Amino acid sequence: MSAYAMAVAGSEPFLERAPLLLRDAFVQLLPAPTQWLVHHLITIVAILAVFGLFFAFTTIAERKLLGRLQNRRGPNRTGVPQFSILPWRFKHTLFGLSQPFADAVKALTKEDIVPAAADKLLHFLAPVLVVAFSLLTFAVLPFGRNLIPVELDSALLYFFAAGSATELTIFMAGWASRNKYSLLAAMRALAQVISYELPLMLSVVPVVLVAGSLSTREIALAQGGWTFGIIPHWNVFTPWGFAGFLLFLVAALAESNRSPFDLPEAESELVAGHLTEYSGFKYALFFMAEYFGLTALSGLGITIFLGGWQAPVPFLGFVPSYAWFMLKLVGMIGFFIWVRGTLLRLRIDQLTRLAWQFIVPLALINLLNAAFWSLTRDWTGALQLVRWVISAAIVVGPFVLLGRKLNAGRAPRTYRYATS
Amino acid sequence: MSPAAPTQAPAPFGAPSGPTVRTVTDAFHGDLLEVSMGPQHPSTHGVFRMDVTLDGEVIVKLKPVFGYLHRNHEKIAENTSYLASMPYTDRLDYLCSMSTNWAYALAVEKLAGQAVPDRAQYLRIILAELTRIVNHACLVGFLFNDLGTSFTPLLYAFREREKIIDLFEALSGSRMMCNYQRFGGCRIDPSPEWLAAASRLVDNFPRFLDEYERMLTGNEILLARTQGVGRLKAANAINAGITGPVLRAAGVNYDLRKVDAYGFYSRFDFRVPLGEHGDTYDRYMMRILEMRESVKILQQAFRDLPTGPIMDPKAKIRGFRPKAGEAYGRLESPKGELGFYLLSDGTPNPYRYRVRPPSLINLTLLEEMCLGHTVADAVVILGSIDIVLGEVDR
Amino acid sequence: MLGSGILKGLAVTAKNFAGSFYDPERMATVQYPEERAPLGEHYRSFPLLVCENAADPLGTLRCVACTICEKECPPQCIYIEKSKDKKPDATGKPQLYPVIFTIDTAVCMGCGICAELCPFDSIKMDKVFEVTATNRFTGLLLERDQLAKSNAYYHSIRPAEAAEVDARLAAERLAAEEKAKAAALAKAAAAAAKAAAAPPTTPPSAA
Amino acid sequence: MESLEQIRDRLLARFPGATITLVPNPGPAAEHTISLDNAHAFEIARFLRDDPALQLDYCSNVTGIDWPEKEIVETKKVSVADPAGGPAKVVEEKTKRIEPGRLEAVYHLYSMALRHGPVIIRLRTGNRSDQVTVPSLTPVWRSCDFQEREIFDLFGIVFEGHPNLRRLLMWGDFKDHPMRKDYVEPDDYEWEPTPHAEVLERAQAHYPSVTPGVSAPAQVEAKP
Amino acid sequence: MTLALILLSVLILGSAIVALSLRNLIHSALLLVACWAGIAAFYLWAGAEFVAFAQGLVYVGAISMVVLFAVLLTRQGTASEPLGFASWQRFILALVAGGGVAGILVGAVLGTPLTVTTPGPVPVLTVKQIGAQLMGPHVVALLVVGILLTVSLLGAVVLAAEENVKSPEDEV
């Protein structure tokens, strides 16, 4: 709570403190016995509102970004609704930015279809639980220097515990739909989570090792400072951190069922996978949970590899920390969209093989690498360079070797031609 | 020996291509999953259906089911005049109406013994090769969609296809249902501006192909998903009548443009790319390489295009009645050997009109290619065969 | 190395992302209702019937109800009923005319074979592609009066082709007139000869 | 490639009991065909495929043709001797004969190995009703698989020895064979609103209350 | 506090009992997950944050998946068929096994001297302290567990790495 006390004491710029001051000002208006409850409620409402809106705009951003990647424009028609009761007509399409609200109205007004043979209870519970679980993970993310909803000592553990439960709901959805495609999707979701839970955690463990803490706040704080006043001390700018970040990205893509690991939903194979029998608002809930999960994982990635809420360069330190966090979040999600716009989907056996034959060994090696890094913390000068080289060699060598083995026998081919 | 009971088991029913396959009898297997993929499935390229039996995700049995788009095209054609069937041939393979038109015109010209002026022959080759590019670009795009991209390669391909389709529209009046070829020539003479625009487009096309290949051909996921998947052995492919790029991917050098040298193809210098493994990757690469060869043909055609009439002056548009007889005309459509068998009894309507659809016959070995692979692979194998349901079901 | 192909792909999509903002070669989409791609000279949608005079569309239809289009139409979407009487056409020759001429645009596939086969240059292909109706039977079943469009309209949508048709028709008309003139002349000459000539002389070798 | 006559002679030498006839094609295409008898067709097909000089390894196209029963009027000029002893008179004599109907399967064979073809063979059924069986060549050329099924479906030729003879395009319990010349279309599909008299008549026969200009389903619902 | 404890107990015991009585295996498995989650919540209530999250991560996140996977991959026989003698045998076996475990647990609980102390300030155990405990007095146990897990993990990797069937050269 020292950070909080510091913030309230006013040793930080006003913008940095503004959200807390706003909350406290509101809380103090209420009678004392309810204050603790309102205090937490405000946090919850703030997360819901901010990330709800963020989700809404992520959907449109994804569609527009994908559109641009594909040389289209994306949705650009939905603007200000035209109510005839208004005396004037404000006609602007707002670049289609109100598309998510139109989508929401559509999803809410659509008929909710439940298959006759479905397991009605589970079919209903799945979308509810998936949103719940995906929202739980937001509790431990440090959105700013002082903005951390719950400070937990074992925050990372909590994060993974809450996050892994979402796959369970995908299974529930797939199994309860009584649809063969959904069932296959449920199996795939289980296989995927069994394969990728481990690499995801293993890719994070080096950071825990080096930072010496499971707390997200501590990890973010540990990445403060700059070398030569320009290179931030983010974990991603170390050899093991970079490798860990890449592994984390792959595992996060798999964990959040994004392309190229969108196997449960594989629309070209399983129609819509576990979502085949969902419509209307239940479908929207799944959609929402998927984006929440993506946002949370991106947030985690930012916290543990990209310096959390820290500013990238010292002279931009005046920008409030939560703005940096959001900026990085937008960047991460943009990257995920970019990947989705480029790559094709793996097959389920290749997916598991990638996890067990490539990512898990590499993550284990990277753990060793991090151990080496933290043991050689006091190497300076020329030794610093040696440390870098050794550390880089520890990951690059196995990467090349394992990569070669993984892709053995496969290469672009040359072809012969017949002229007659 | 009775023909009904061949004692010696013939070769074509070859071994499946995947790793391990359980033998499935028709008896009930409790742990097998029967999935009817289609007719409303995103990746069956229309209203095609595969009744798939799965062991986990591995296919142990696959039965293609046809006919959802059947409209008895042949019967309709037998009840109308020769010319009135021409627009219907557009609807067979609706992605490549120009070459389908040509195949029909070729068969009718063979039936009636009609000549085609030089300029029309060149125009036909130009349009057929543009169609080949359109088809292959579409196919590759759709194949990548089946492979799970979020439409990006498809839309890049469609962007380029759009430019060619615009040319078709400017020339024939319609983007896809061109109805352009006539018995003894072509319908409309392209303007010099059209030819210049087409030539410019063709010259720019390799740039697009380069970018496309840079984006995808070396992609590790593509290699993993396609190499070694859905292998086809040359001997079985020949026996099953598989033609076109699918056959050539298996290493058989059989391209009707070279074999029959119909039209003026013998005047052109081009090569036929041949695969080695006959897997999905080879089939994909065949399309890319054929597009490159098509560009070469087109450049030669634009260079050498003669002037002159586009219609045989002796050709009859109204009251066309070929002499009694029969003819089978075939050409290398982008999907394979497209043939028209016509039987005339001297009346204005064909007595027998038959389409030899490459899409349908290329599906003959679909089950054997898919056995032992997963559902995801089946979708990709089907995509790499390149079918159009308008032609499969007719 | 593993991943190089993926990185190349990412680079290409990034290039396309950037290109979509400035390169019209990449961003080929047209914002349809506001912008429209130009229609080619040969673009075709549904048939129309050309008449000579916009003021009197039904009186100057070129169609003589020969029903070639009805017979040749592949989807059989044309229905024609011939008139009992004859009306003079543009050249003054008495011709039949269609009492009923309907085209079911819901069935029509726009192949253009009717326009191609019409010996009287009467049926031509329109370029209007935005055809919507709330009722298939009243909105898409076009009657003769709806199909009749003036020659000026035909010129406006297909200038080159219309000019060619006009020239051909004018030539035909000229030829017909000349023939008529020659026939009239011959007749007159014959009459004159008859009047002038004495009975025993040989008949004039007119024409 | 050998000429068709040479092939026939070779086949006759190889299969002495077989009846193999050449069917000429009068049209400009001049693609003449060989007609095989059903008893030997399978063996001959296998021979054609495996013969090193022919190697017809690729069966491109298989199609059916329906020849309904048809009355042929032949006019023959006969010189009749004048009973009175005058010069012989040439009299036209008309003979009517009924040519029995049959179904025919036509196979277009090519060689991919030697790049020649086509050799076209025809198989004929006895009639169009009860003797509609011909041997299946699918065991020889797998490409006949779907095409023979299609012919079975649309023409009703039964291919004996086909491993999986089911309807291909029509649904399983469909009764007739649509490509036969005497096939009558059912009138139970939704009628087209074109004012063609015969379409209207047919529609009215099926839905008695149909009037042009009103959508059919509405009228059907309105029926008592 | 007691209300929370009662609710948690109801959740844990209720879901466990219902899970036992259901015929639908998937439902049982999902209720088991609920039971585990309840136990995690109980740990949290008891102030053992680390154990609670570990319980959630391991049981809710991982073991539940394995259980579900096992249920889905198990061939279902004809369920209605009475097992007869075999059933009795199993029942006795289950009784012996379950009773043994229960006996040991009860013995352990009863054998522990539960000295009820006055509820003073609960010491907040940080992860660091737990770590220090594990790496200090209990290092042997930790090492043994670590080696065991590593061996099983490596075994899993080796099993996965082994090409089960070499992609055969037979083609269609």
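The letters A, B, C, D and E name the chains in turn, as written, and every chain counts its residues from 1.
What we mean here is this: a residue touches a chain if its C-beta (ideal position, glycine included) is under 8 Å from a C-beta of that chain, and two chains touch if they have at least 3 such contacts.
Since this is a predicted model, take the numbers as computed values, not measurements.
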| Of A-B and A-E, pair with higher C-beta contact tally | A-B
| Relative to chain A, which chain has the most distant C-alpha mean position? | D
| query | If you take the mean of the Cα atoms for each chain, which one ends up farthest from chain C? | reply | E
| task | Report the chain closest to the protein's overall CA mean, measuring from each chain's own CA mean. | result | B
| said: Centroid of chain B to centroid of chain C, CA atoms only: how many Å? | reply: 34
| field | Where chain C and chain D are represented by their mean Cα positions, the distance between them in whole Å | value | 41
| remark: Averaging C-alpha coordinates per chain, one finds the centres of chain A and chain D separated by a number of Å equal to 65
| task | Between chain C and chain E, tell me the centre distance in angstrom, where each centre is the average of that chain's C-alpha atoms. | result | 81
| query | Counting only residues that touch at least 2 other chains, which ones in chain A make the list? | reply | 69-72, 187, 341-343, 407
| request: List, in ascending order, every residue of chain B touching at least 2 other chains. | output: 152, 156, 159, 215, 217-223, 228, 236, 365
| What residues on chain E touch chain A, complex-wise? | 26-27, 30, 33, 40, 49-50, 53-54, 56-57, 60-62, 64-66, 68-69, 72, 126-128, 153, 156-157, 160-161
| request: Name, in rising order, each residue of chain A that touches chain B in their complex. | output: 66, 69-72, 180-181, 183-184, 187-188, 259-260, 262, 266-271, 340-350, 407, 409-413, 415-420
| query | Hey, which residues of chain A end up touching chain C in the complex? | reply | 65, 68-73, 338-339, 341-343, 399-400, 402-404, 406-407
| chain B - residues contacting chain C, complex | 80-81, 83-88, 90, 152, 156, 159, 162-163, 166, 169-174, 177, 179, 187-188, 191, 211, 214-223, 317-318
| remark: Listed in rising order, the residues of chain C that touch chain A in the complex are 1-3, 6, 9-10, 12-14, 16-17, 19-21, 26-29, 31
